[in-house]
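Below, subunit A partners subunit B and then partners subunit C, in two separate complexes.
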Partner chain A sequence: MANQSSLTVASEEQDDAVVLCPTGRVDGTNVTILQGAVRERLEASQVRLVFDLVELNYISSAGLRVLLMAARDLQAQGGKAVFCNLSEQIRQVFEITGFDKILSVHGNREDALAAL
Partner chain B sequence: MAAPAKILVVDDEEDLELLMRQRFRRQVRRGEYDFYFAHNGREALDVLAETPDIRLVLSDINMPVMDGLTLLSQLEEIEANVSAVVVSAYGDMANIRTAMNRGAFDFVTKPIDFNDLQVTVEKTLRHIQVLEDALASRDRLVALRQELVVASQVQTSVLPAALPATEHFEVHAEMTPAREIGGDFYDFFSLDEYRMGLVIADVSDKGIPAALFTMVSRALLKAAARNHESPGACLHEVNQLVSQDNDACMFVTLFYAVLDLRDGHLRYCNGGHNPPRLICQGEVQEVPSSNDIALGIFMEHEFHDNEVVLCPGDALFLYTDGITEACNAQEEEFGEQRLDDLLSDAADAPVPDLIATVVDAVEEFAGGVAQFDDMTCLALRLNSNKPA
Partner chain C sequence: MGGAEQEHRGIDVRLKPELNTALTALADAVEEFAAQESIGGALPINLNLVLDELVTNSVSYALSDVAEPVLRLQIRRDGDVVVAEVEDNGAAFDPFKEAPKPDIEQGLDERPIGGLGVFLVMQLTETAHYERDGDVNRIILHMKMES
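The block that comes next holds the complex of A and B.
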């Protein structure tokens, strides 16, 4: 199989929430990195998450599945996942698949935090 | 507890047997080691023939009838599944090198230091265990691969057989899975004398989970297609079913259309799939979105029908994102523009050629870079309306 694509997930705390910033590409070879970053927060009972996607260049359906699971798992624990700063390419993927209708998507981080 | 490790000791000195049993008595008592003895290479081969699960041979070099070096050659020749440790006189480097070159795993020197021998035996047994585990894993992998080959055949066998072109329409599809089994599928079937169903779909993720989900989605859609005239109603039903108990959050993007050959009306519902292309008098355009969503992500969603009309000569091109997201070595994507340009250039080609043009162009673009995603295309051309 081909090499793992590059993905790092930075995180910072802001206004009682955690902002996760995935950088690079999310695809089938590395979704576990994103999954792990979410699980870590869930285990620490940090259930208000902002996904700032400004540095995300590409997301495959495997990656979308992880975002969907994150939103569901956080909600199950009384929390919420919100998304912001989608690049043109990511926004298109969200639109075509209808994820923009299911997930809480916002233009910038401020609006996203306000929607938590 | 694991079965004792069977160790064959080959030496012409009679008293070594006693010594070994004495020095390793604890291991023998605990059922860790089980010793076998032979006095020369010939006898050793006989013992191995009788006890094929011996994995470790500890052998002297100078022996009557058959010496240790010959024994090593014989073991190599019969491809015995054993690791050998040779015992040689201190400083006898020539024989030790010969033994190692004939496949010995390690050596100890005479007079035997039993502490060193014990460490060597333990180390060799660990090595044997690693080898056996690797072999067992390899066997499991071979079995798994075989299952995947069968699964791949099952998956291919449910795809519709090619249809010969008729005076009214021609349809063709091709799928190239990135792995043994894929997460894409397509389908076309006649609903009655005049109406045809067309499907293309892409399941989230790859591999076995995706393949299972494709089989389920495909079967559910085909059943729903018989129950509902409206594509939106079909997708609604399938969505309800796949959204239930969907703990893994799997989803499928699916475009389903019903073409009426009498008047070229194409009713469709696009469940979150890449917009297909309509090739209308040589002009390529996107089939407008029906503003719907992928199936499996939200049970309450109401799906809609949209409609476009195909005139005789017009074609419809459906594809999955493995085509447009195919990458080359510079990590550029093939993209929609290249696809549209190709479709425009090959607008009037017979549909199998239209698909071949696209597939070849993507392959050439990728330039041998392995692709992560399945690639699927389906094309249909309406040749003439079918009189009612």
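The block that comes next holds the complex of A and C.
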């Protein structure tokens, strides 16, 4: 049976930034996990965030909304969100929704860090 | 002949109107259908996504105030087209007419937060059609299989 709500978010600090690595699937049942991981960093005034999506294999609109809000909130606090290593499904939904144009999307983590 | 066998194929399930259970059952249904029909590539994940969006809306909005909620999912193959139907007995609501349409040209600050789910459904399907049948909302999706 597919474990629909399987999502964990690992984080590590790298080059004055925080890299968040969500693993699994993000949908309406578990978006609060991703939201919580972002809020925790905002509250600690860590506003330079890399979302390394290499281990994320599914995202629905519920997850997209959290990423959009995160990018907005970070920008409002003088920071930035950058995204890298999108899987094929995630790249496709970014393109369809125009997220690839409004978010800072990069091929790999080095490029993402450089864009912060 | 093959016709009779064909009729037994496909998926027809009642989903429990609780988000976690419904999305898990839906992912299983898509997986089972894809295995039945030996469908690979992007279609199963896209089918899962569009049904996720519709079922999430049904559970979170349409059925939230319904005393005896019914949520039904059917998936079948018709030639080179996958036909999926989602039914609920919530208040009449045509998402393709009434949901806000996102302007994907807007920038980060202007982008409204809503409307993305229905937009994804419309973009990832050949046709997405709504009908009201008695007290049932029915959404019928057609997705073309890759040749």
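Convention: the second predicted complex is superposed on the first by the 112 of 116 C-alpha atoms of A that agree within 3 Å, B and C clash if a C-alpha of one lies under 4 Å from a C-alpha of the other, contacts with A are read in each partner's own complex, and residues count from 1 in each chain.
We adopt the following convention: a contact is a pair of C-beta atoms (placed from the backbone, for glycine too) under 8 Å apart; a residue touches a chain by one contact, two chains touch by 3 or more.
Since the model is a prediction, treat every value here as computed from it, not as a measurement.
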Report for A:77: first if it touches subunit B alone, second if subunit C alone, otherwise both or neither. neither
Is A:108 touching the first partner subunit B, the second partner subunit C, both, or neither of them? neither
Please indicate which partner A:8 is in contact with in the superposed arrangement: first for subunit B, second for subunit C, both, or neither. neither
State whether A:61 touches subunit B only (first), subunit C only (second), both chains, or neither. both
Looking at subunit A, does subunit C or subunit B touch more of its residues? C
Touching both subunit B and subunit C, residues of subunit A: 1-2, 27-29, 58, 60-62, 64-65, 68-69, 72, 96-98, 101-102
Within the complex, subunit B is touched by subunit A residues 1-2, 27-29, 31, 58, 60-62, 64-65, 68-69, 72, 96-99, 101-102
Mind pulling up the subunit B residues that touch subunit A in the complex? 183, 202-207, 248-251, 253, 271-275, 289, 291-294, 297-298, 301, 325, 369-370, 372-373
Would you mind writing out the residues of subunit C in touch with subunit A in their complex? 19-20, 23-24, 26-28, 31, 42, 45-46, 48-49, 52-53, 56, 60, 102, 104-109, 111, 113, 116-117, 119-120, 123-124
Report the residues of subunit A in contact with subunit C in the complex, numbered from low to high. 1-5, 27-29, 58, 60-62, 64-65, 68-69, 71-72, 75, 88-89, 92-93, 96-98, 101-103
